[in-house]
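Everything below concerns the one structure shown next.
Note that the chains are named A, B and C in the order they appear, and that numbering of residues resets to 1 at the start of each chain.
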Amino acid sequence: MESRTTKQAKREFLRTVAIITVSDRGARGEREDASGQALHDLLTRHGFDVCYQAIVPDEAEVISQAIRECAVVKRVALVLTTGGTGVSPRDVTPEATRAVIQRLVPGMAEAMRAANLLKTPHAMLSRAVVGIRGATLVINLPGSPTGAVENLSVLLEALPHALDKIQGDMSDCARPAGG
Amino acid sequence: MESRTTKQAKREFLRTVAIITVSDRGARGEREDASGQALHDLLTRHGFDVCYQAIVPDEAEVISQAIRECAVVKRVALVLTTGGTGVSPRDVTPEATRAVIQRLVPGMAEAMRAANLLKTPHAMLSRAVVGIRGATLVINLPGSPTGAVENLSVLLEALPHALDKIQGDMSDCARPAGG
Amino acid sequence: MESRTTKQAKREFLRTVAIITVSDRGARGEREDASGQALHDLLTRHGFDVCYQAIVPDEAEVISQAIRECAVVKRVALVLTTGGTGVSPRDVTPEATRAVIQRLVPGMAEAMRAANLLKTPHAMLSRAVVGIRGATLVINLPGSPTGAVENLSVLLEALPHALDKIQGDMSDCARPAGG
């Protein structure tokens, strides 16, 4: 049984977040990282600890490396990317994410698209991927501040439970037939 | 043209089912297989013939092997797994299933998640995969009895047609522009 | 900045379409290509230029080669396949498509299935894939004329924007935080 202090520490660890903005122009300093900022504000309001932010160009290897570092070295609970999820030639964030994750979570990507499809048919063009690398959840979000915030909002209610489980919380294994 | 007897035999073959419960604790005999039992009852009520049931631990290779044996050796029409579809570190049923199936049926997995998302946001955390190995349909279901039954219920109406087609029924190839 | 004439030429290029009917019986000349014709009519009414049509058998390598030729050699903006998306043993169009595309667009396939699921539970059996090869969008549609037209109709509103983006239109990169 865990002590209260350990539980508290674990809870805080579970809510560490890295935000990676994927944008050629952002990486060259040619535009402000409005999406990263919008996500930072939303997450902070919901009790998450944004402990790392970076801007990388739309280069698959650079994106993969940034996600891998956050998951494997920094060991944050949640890595969000914003940008590069569309169908333009330079949009390769989903491929860069697939190269790093070990287990897909297709339902989170489907849920984001289904919710946004009620607002605009262009939602079907988001190629966003969600998956797990080690004990870290990785979520692709679109590049616009509005799109990033709207998509993440679809997932917010399920996120705490998801992060608990990914970190290995075994609580409902005590139930007769859970799992 | 098939005789009435052959058709009847084929129909019965089309409805053979194997249920594989994926659970570390179940495999150690530490808990009752309530999900397997619940699925057995539901299927029997709908005219399926549950001809095989097993409990395996959350080990990818063991799960893959169990599915492969049901599809390739026992040649059942339908393999259901229950358990191991979540995001916990030991949840590897979808990966074990992908390793065995030859053709994905993504729409059945999407339909289960979409229907359950109306009940709970946690439905988006199901990583269930559906696919075809040879002439066998393989469906991942969640581990709780309620979740397993609710998810399978979403598919029940499409199942007979799916199994007919997978077994090579060519009936609507007679239509002018079917296929 | 592009001249008006260049823009007009590009716009026309963006709307070139190839329709590949996948059908063993159609390829043997045993049935009329009603689906190809129905898609041709729908697209023409919506201002697309159907510049190529072919009928191929349900053979993965032949299907892949037909798609590849339309994308890489003919460089059409949009390749539609009709047929071979179901669960019958000969239905291999999705696998043949996956072998050729470089980037998946899962949201378009999800949107087609979700819309059709409101009409029939059999919609969940469509294994259709959508993806990008080079600057060409590839969309799998079912084999019946009605199914093909209904599925494509779900995507029509998002298609012009999708094709613009895939061809490398950078227009909204001018926005402060797009991408």
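Here is the rule we go by: a residue touches a chain if its C-beta (ideal position, glycine included) is under 8 Å from a C-beta of that chain, and two chains touch if they have at least 3 such contacts.
Quick caveat: nothing in here was measured; it's all calculated off a predicted structure.
Peer 1: Fitting the CA atoms of subunit A to subunit C, what rotation angle results, rounded to the nearest 5 degrees?
Peer 2: Value: 120 degrees, nearest 5.
Peer 1: Could you check if the interface between copies subunit B and subunit C is built from the same residues on both sides, meaning over half shared, or from different ones?
Peer 2: different
Peer 1: Please work out the Cα centroid separation of subunit B and subunit C, and write it as a whole number of Å.
Peer 2: 30
Peer 1: Check each residue of subunit C and list the ones that touch at least two other chains.
Peer 2: 110, 114 - these are the residues of subunit C that touch more than one other chain.
Peer 1: Taking the touch rule as given, give the residues of subunit C at its contact with subunit B in the complex, in rising order.
Peer 2: 22-26, 31-35, 58, 83-84, 86-89, 91-92, 94-95, 109-110, 113-114, 117, 121-127, 143-145
Peer 1: Considering only the defined contacts, which subunit A positions touch subunit B in the complex?
Peer 2: Against subunit B, the touching part of subunit A is residues 103-108, 110-111, 114, 132, 135, 137, 155, 157-158, 161-162, 165-166, 168-170, 173, 175-179.
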